[in-house]
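As structure tokens, the structure follows; a few thoughts come after it.
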Amino acid sequence: MSEIHEECGLFGVYSKANEDVAALSYYALYALQHRGQEGCGIALNDDGVITVHKDSGLVRDVFPPGSIPLGSGSSMAIAHARYGTTGNDPRTNVQPLVITHRKGRMALAHNGNLTNDAELRESLEMKGSIFHTTSDTEVIAYIITKNRLSCTSIEQAIEKTMEEIAGAYSLMVMSSTKLIAVRDPWGFRPLCMGRLGDGYVFASESCALDAVGAIFERDVEPGEIVVIDSKTVSETGPVSIKTHCKKEKSSLCVFELIYFARPDSIVDSIHIHSARLRAGAFLALEHPSQADVVIGVPDSGLDAAIGYSRQSGIPYGLGFIKNKYIGRTFIQPSQSDREDTVRIKLNPIVSTVKGKRVVLIDDSIVRGTTSKRIVRLLREAGAKEIHFRSSAPKFLYPCYFGTDIDSSTDLFAYKYDDEQMCRQLDVDSLGFLSSENVTKLADHPCIGFCTACFTGNYPCPEPLCKGKDKYSAKLPRSEEE
Amino acid sequence: MSEIHEECGLFGVYSKANEDVAALSYYALYALQHRGQEGCGIALNDDGVITVHKDSGLVRDVFPPGSIPLGSGSSMAIAHARYGTTGNDPRTNVQPLVITHRKGRMALAHNGNLTNDAELRESLEMKGSIFHTTSDTEVIAYIITKNRLSCTSIEQAIEKTMEEIAGAYSLMVMSSTKLIAVRDPWGFRPLCMGRLGDGYVFASESCALDAVGAIFERDVEPGEIVVIDSKTVSETGPVSIKTHCKKEKSSLCVFELIYFARPDSIVDSIHIHSARLRAGAFLALEHPSQADVVIGVPDSGLDAAIGYSRQSGIPYGLGFIKNKYIGRTFIQPSQSDREDTVRIKLNPIVSTVKGKRVVLIDDSIVRGTTSKRIVRLLREAGAKEIHFRSSAPKFLYPCYFGTDIDSSTDLFAYKYDDEQMCRQLDVDSLGFLSSENVTKLADHPCIGFCTACFTGNYPCPEPLCKGKDKYSAKLPRSEEE
Amino acid sequence: MSEIHEECGLFGVYSKANEDVAALSYYALYALQHRGQEGCGIALNDDGVITVHKDSGLVRDVFPPGSIPLGSGSSMAIAHARYGTTGNDPRTNVQPLVITHRKGRMALAHNGNLTNDAELRESLEMKGSIFHTTSDTEVIAYIITKNRLSCTSIEQAIEKTMEEIAGAYSLMVMSSTKLIAVRDPWGFRPLCMGRLGDGYVFASESCALDAVGAIFERDVEPGEIVVIDSKTVSETGPVSIKTHCKKEKSSLCVFELIYFARPDSIVDSIHIHSARLRAGAFLALEHPSQADVVIGVPDSGLDAAIGYSRQSGIPYGLGFIKNKYIGRTFIQPSQSDREDTVRIKLNPIVSTVKGKRVVLIDDSIVRGTTSKRIVRLLREAGAKEIHFRSSAPKFLYPCYFGTDIDSSTDLFAYKYDDEQMCRQLDVDSLGFLSSENVTKLADHPCIGFCTACFTGNYPCPEPLCKGKDKYSAKLPRSEEE
Amino acid sequence: MSEIHEECGLFGVYSKANEDVAALSYYALYALQHRGQEGCGIALNDDGVITVHKDSGLVRDVFPPGSIPLGSGSSMAIAHARYGTTGNDPRTNVQPLVITHRKGRMALAHNGNLTNDAELRESLEMKGSIFHTTSDTEVIAYIITKNRLSCTSIEQAIEKTMEEIAGAYSLMVMSSTKLIAVRDPWGFRPLCMGRLGDGYVFASESCALDAVGAIFERDVEPGEIVVIDSKTVSETGPVSIKTHCKKEKSSLCVFELIYFARPDSIVDSIHIHSARLRAGAFLALEHPSQADVVIGVPDSGLDAAIGYSRQSGIPYGLGFIKNKYIGRTFIQPSQSDREDTVRIKLNPIVSTVKGKRVVLIDDSIVRGTTSKRIVRLLREAGAKEIHFRSSAPKFLYPCYFGTDIDSSTDLFAYKYDDEQMCRQLDVDSLGFLSSENVTKLADHPCIGFCTACFTGNYPCPEPLCKGKDKYSAKLPRSEEE
């Protein structure tokens, strides 16, 4: 039940045979919906002609029956599920972005966040560029376009672009003839590749490969560009370009393991569910407790709760029922309504907690408001003691790589010391996973992690203009003229 | 993940103070949505003027922001969430039913199924009655109306009606001045009462009381009529009429415990989650197994899986991720699509089951198709052995009381013997909860159960015209004229 | 631009061949939309199985592409376009009404208004009837059903029903095997019959026959029942029953000629456009004027304006542009907005009226508010003199036969004398067609007219409970219990 | 009933006082809807923050109640109604276009068509520009942005831009502080200015000024830029820049007079309705006929028909009823349906034409298909002779300035000689207004006209790449890479 959101899920498909790439993209978006629920879109490539269908809303809203040309003759597609700020025209920033440039049409879908977006944007504007969106995807499109003018291929242009942009980016790029997957040199955001018949698919998480019946092949590596076109798909297999940015130390966002990714996904060879079981086990070791039952906050705290239970020997229980019908159109109870109506969304199971000493596991504590509410529910249901355990370490530093942890001053663990936090939350004890152990959640140590939000150690330079509230709902007011 | 559906959830509210009864009904419908997802509605009573808002669809579709007069001055409301057949005009049967009769307006909401509906309907038609719907709710409305002509109050008319109708019915009735809750003499379907400030609420399950911040008071008893009006709400408290039908043996549908009700609800003093833990424990005792992990089919198999794990000592694990975004508008993969796309809805967690001996718990096996699909997913994920346990006994007889277990000939356990079932499902062992123990799921023996679908012992006479396919999507063709 | 509304347009089709009766009904509803814009519906009969598709809204809203089974195998259909009050659940009263009774299913569509509805309803309620709607169509359905129990055919039951009901009714009735058209003994509302291939169609106005490519055959006569089934359509032709109610004096609503019907329709052998030209000519003779130009209020005043121009020799001109895009979803300018925004809907053509003496023709003056507004527009556009002519006589009496002229006290011509009216409207002269000449609008005198709203001579008894506001938006409050 | 469509209607408002500029824009779009029915939008400026609300569809579809922030604090707005090709993502091209550039945000709305769009686009692409749309509005935005970098104000940048772009353009531009109206040097498309309280409004046609209660002030002159900001609105009045492009000969599209503009509008001091009356009078003089009645094809042929009637003395009659409820969602009769169903849209009034010699006036004949259909309707209705008169001259040349007269080879008058046309249309005589007299439709000769589609005399250079089908629904396929 994290208060943190990430930006976006990606999917791409190149089909040699007669696969329905529109339908595959649609199913993949359902599998990736947890990564972004504000908008989504699919760009289709039918023999070089690129079209796009996108809007704000969930997949079920954006693609009602009849809305996409299922069974069309397209052989390539890319798709995107987006988390993003609301703003006045949220539709504008929905992806894939499809543009026309000197060499034809290009579709882009982006997961991540550039740290030098402001500088690049300013430099482009100085040369006369206009921007339709507030998204850094458009900046990337511009730089690829610019480089394309002097490069012999789009993949060369992308390689050159990677030397200019910094920060987190997993990208799907579709030109009239090529499908291209790109992952930033640090590997902040996941991206994997699978086989589907004689064709290939790419996705942010392997659960989307499962959803379309593809077989996992490998992760796209940090700093790698993978190119598929009609020739390579048949003859050589995908072409891999290991850019020289590749030398960066890999820095997968550790919060992908704790919260973002789906438990059934495998990211950079890490089974997400296993990692969360390990988080629970570490928590049990670092912060043991005398208790009668271990419960998790659904859905993201359940895996770690099982891990804690197994390690500690304290029985695992179902503590809450989460209402699965509540969505965007749910009318919030007004302030004048009784506080109790919070139980519409989350209701405790009294028989599990009444008179019990409860270990409560959640994935994280960000601003603390959700956690307070949940603790109060348990108290009202008769829990005797509450021992709160967070499977993420204390959030102390802002993230510049695509999550919405904005500013230290709002962070619960930054504002309060341990005793104050206990009092604020009204819990009997409180424990966070240590930032040392958070990097040990992977069962085999083959990849590095970004833990900047816990440690302040940023793997790449921080943005110059940190203060600028990039995702402000209020659009920028112009300079005087 | 049962293939069985029930018909309906009920809610009613009488507010003395300034509660927003429209908003309360809306929240209650969200809490009761699991009982019926085909349509829903709310009837409001504003100083004697009854209006209704209803349609086919989920609460979120039927009540978009602005659709109900939140904050209106109404002091009474009843609401209904419906499961029902599609047919050509599903909207027609959506409830509450609101009609005008000799003595004014009346709104009805009904959960259950009459067993003498056909006879009553014929008798009414012989006297010139016309029917707008195919629902037995309209039959009940007619009989109350008829009795009202010779009775001095609506509650008297209802009492008389209860002598004429047979079968399962929990009812909410709203006249211009009264809110009335009714439960059939057998108590097939649940109905409980709570306090909200100085007013009262009724609901099919206590989870709806929690959702609106009401305090559980008691269950409406089998054969009881509870009446609230402006006088009783202030002075005497609700008037209870214990009809002489009351002498029937109570027969709560045991499948409410196993599947229908929400785990956080308390039904006839039974904590549903506890009952399911007990079902798991009984299963472990009746059908032990040598295994490495116990998993449940989400969401309805999870509670019993924990119970099995605790009793057996075999670790509990998360076996599947269920996609929570898939709803009515989801476009099913076409037959030509690969079979693998079933994993869009339910995807196994490989690390939990690969190479493992797995105990798989589901709430029931009806026609067997869903179970086969789930077992195949586990096999593909590498499960070494699969021991299937059903927390419901074998379905062998049709239900006439409001679930859609139609005919014995379709029932998996009726068609096959144990060995055949194992082969059909491709499991290593198979066990059903015994029909003896299914009545022991309640932790204290204060109520009787209907187990007719397992035992053939029907608590009230079966319908005469069993063969007539009452819920046929094809509407009846007329006789010749 | 009349402030009066009528209730409803009817259509029915019986196709022997392979006509798409759903599509024909859809096109006919477009042609009849001017008769009712609050709701519409189509009932289809596919080999005895009757289904209905209906909702509140315009045809374009109720039947979006994909909403009706075009090309289905149905051979019969009836359709209805409704004008009606808003109320709290306008959807409830939308027609066709489809009900099940002792002998099968029946669909009804009704244009008109019963004068003994209240008495019939009370008598039915005394026998235990329940009502789902506030429409008198349901009363008619009940009485047909009751009579059907003792009659050998539905047409007999209808004939018997006609002896019990009084007032205005043109009806389309569809049973499982028969299509039946009915017109009340006075012939208040129009109904005509046409041939389409080997089949038959019925419609309120001949413009709907034109729309579906049918050939006009004749009007259904006052007091006549026309029955079509599989036998008569092939062998004998439609069976006509001239009920003995037939002896009533025919009394077509004269306002059909002046305003309701479309100018291209032929109603009871009267060309509507010709009748309106004659209305204009009579006006020119009764109320001549010295003027420079004759203009009509679009659209219903245009025909009479041409008639006035031709008779008087004063040139005809286009005086206004009416915005054709404004519909139900148009957001009215708020009261705080400038008055001038009325010109969004109707804007004068300055060059036609500036400095001119203008004869302004409208179909009628009911409450006077619209007329005042239009006159002011002309004044602002520079008209020197305005001579207002109404092609309807003065409205002095309420109508009980299906228009919404409620009560004398609201009527402009009832409240004010001629001089006051001129002052109120700010016109230089004012003239109404005389109630003598209004009955001479037909070019050949073959039918009688109802002119009760002008003369107070009601062709059939007035309702007993005139005061009861039948179409009140507020639903009836129940009696105490 | 022309087969020609133009692109777009414009509106802009700068309010000093507390006007609701969102509501005014909404009403103005209703008044301008006839100029574009494919999409529309409103851009609001609230103290420098520019937001936009737009989509494909009619005003009533794009702006349902609640969709725009009526009553917001905005002080400036521009709005656009668009005619355009469908394509795969019609939404992309909907205007106003809102972009961010070096100096802030800018909103643009454009009516017209650049003739050097392709060259400009290519040149921009060579410098690395990317395009989101296929509209030349984006090209204009780029060039203004580029010039803005070296100019001290946006109006200077626009003036410089006007030296680079060629063709037809009326523009509304809104920066964070300024509202700017621009008309191309030839004045192809209309644009006028009005006062509203202490503020100003601009609109394509004066009927939109009437709709919002503004008072017409003057037309924006060809080659003029009008600038309003907080200073000028209060002190000096709008600043007018007469660009030196001003020396071009004025060339208002003469088809605005014949068809595009609304009859109640005044364009460049020409009363449109009067011009159409004159067109009818010229036709009567150039092509007299012996006939009994003159009728016009609704709605655009009605004015000229009155003019013909007055000049010739032949009586004016109403010949057709046009169904005003048919819109975008109307389901076209399938090919297998009878031809007669064309009468759903347009039905002749038999009494007007039966046995008569009819003069039929339409605004134009483009491809001839509509005209043939209309003539056949009249023949079926019994017209004895049909004398067809077109108030536009023969279309012989393509238009490059924003109408969709594509290619000579499709044009009826280009393909056939006079005798052939009569035979094709099945008329007794045929007459077109002469291209000499078409320039005399204005009652006072103060402006020049573009008559290129009739004469081939193009007022500005034709596009180089005429053959390129700019508005192709198929999006461009990329070059190879």
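Chains: A, B, C and D, in written order; residue numbering restarts at 1 for each.
Keep in mind that, in the parts below, contacts are C-beta pairs under 8 Å (C-beta built on N, C-alpha and C of every residue); 3 or more make two chains touch, one makes a residue touch a chain.
None of the values given here were measured: they were computed from a predicted structure.
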item: Centroid-based (C-alpha) most distant chain relative to chain A; value: C
item: Length of the line joining the C-alpha centres of chain A and chain C, rounded to whole Å; value: 60
item: Distance between chain centroids, defined by C-alpha means - chain B, chain C (Å); value: 47
item: Centre distance in Å when chain A and chain B are each reduced to the mean of their C-alpha atoms; value: 37
item: Contacts with two or more other chains, residues of chain D listed in rising order; value: none
item: Listing of all chain pairs that touch each other, if any do; value: A-B, A-D, B-C, C-D
item: Chain A residues within the chain D interface of the complex; value: 47-53, 88-89, 97-105, 125-132, 134, 138, 141-142, 145-146, 149, 153-154, 175-178, 474-481
item: Contact set on chain B toward chain A in their complex; value: 20, 23, 26-27, 30-31, 33-34, 58-60, 63-65, 70, 207, 210-213, 262-264, 266, 271, 273-274, 299, 302-303, 306, 309-310, 315-318, 320-321, 323-327, 329-331, 333-334, 337-341, 343-344, 347-352
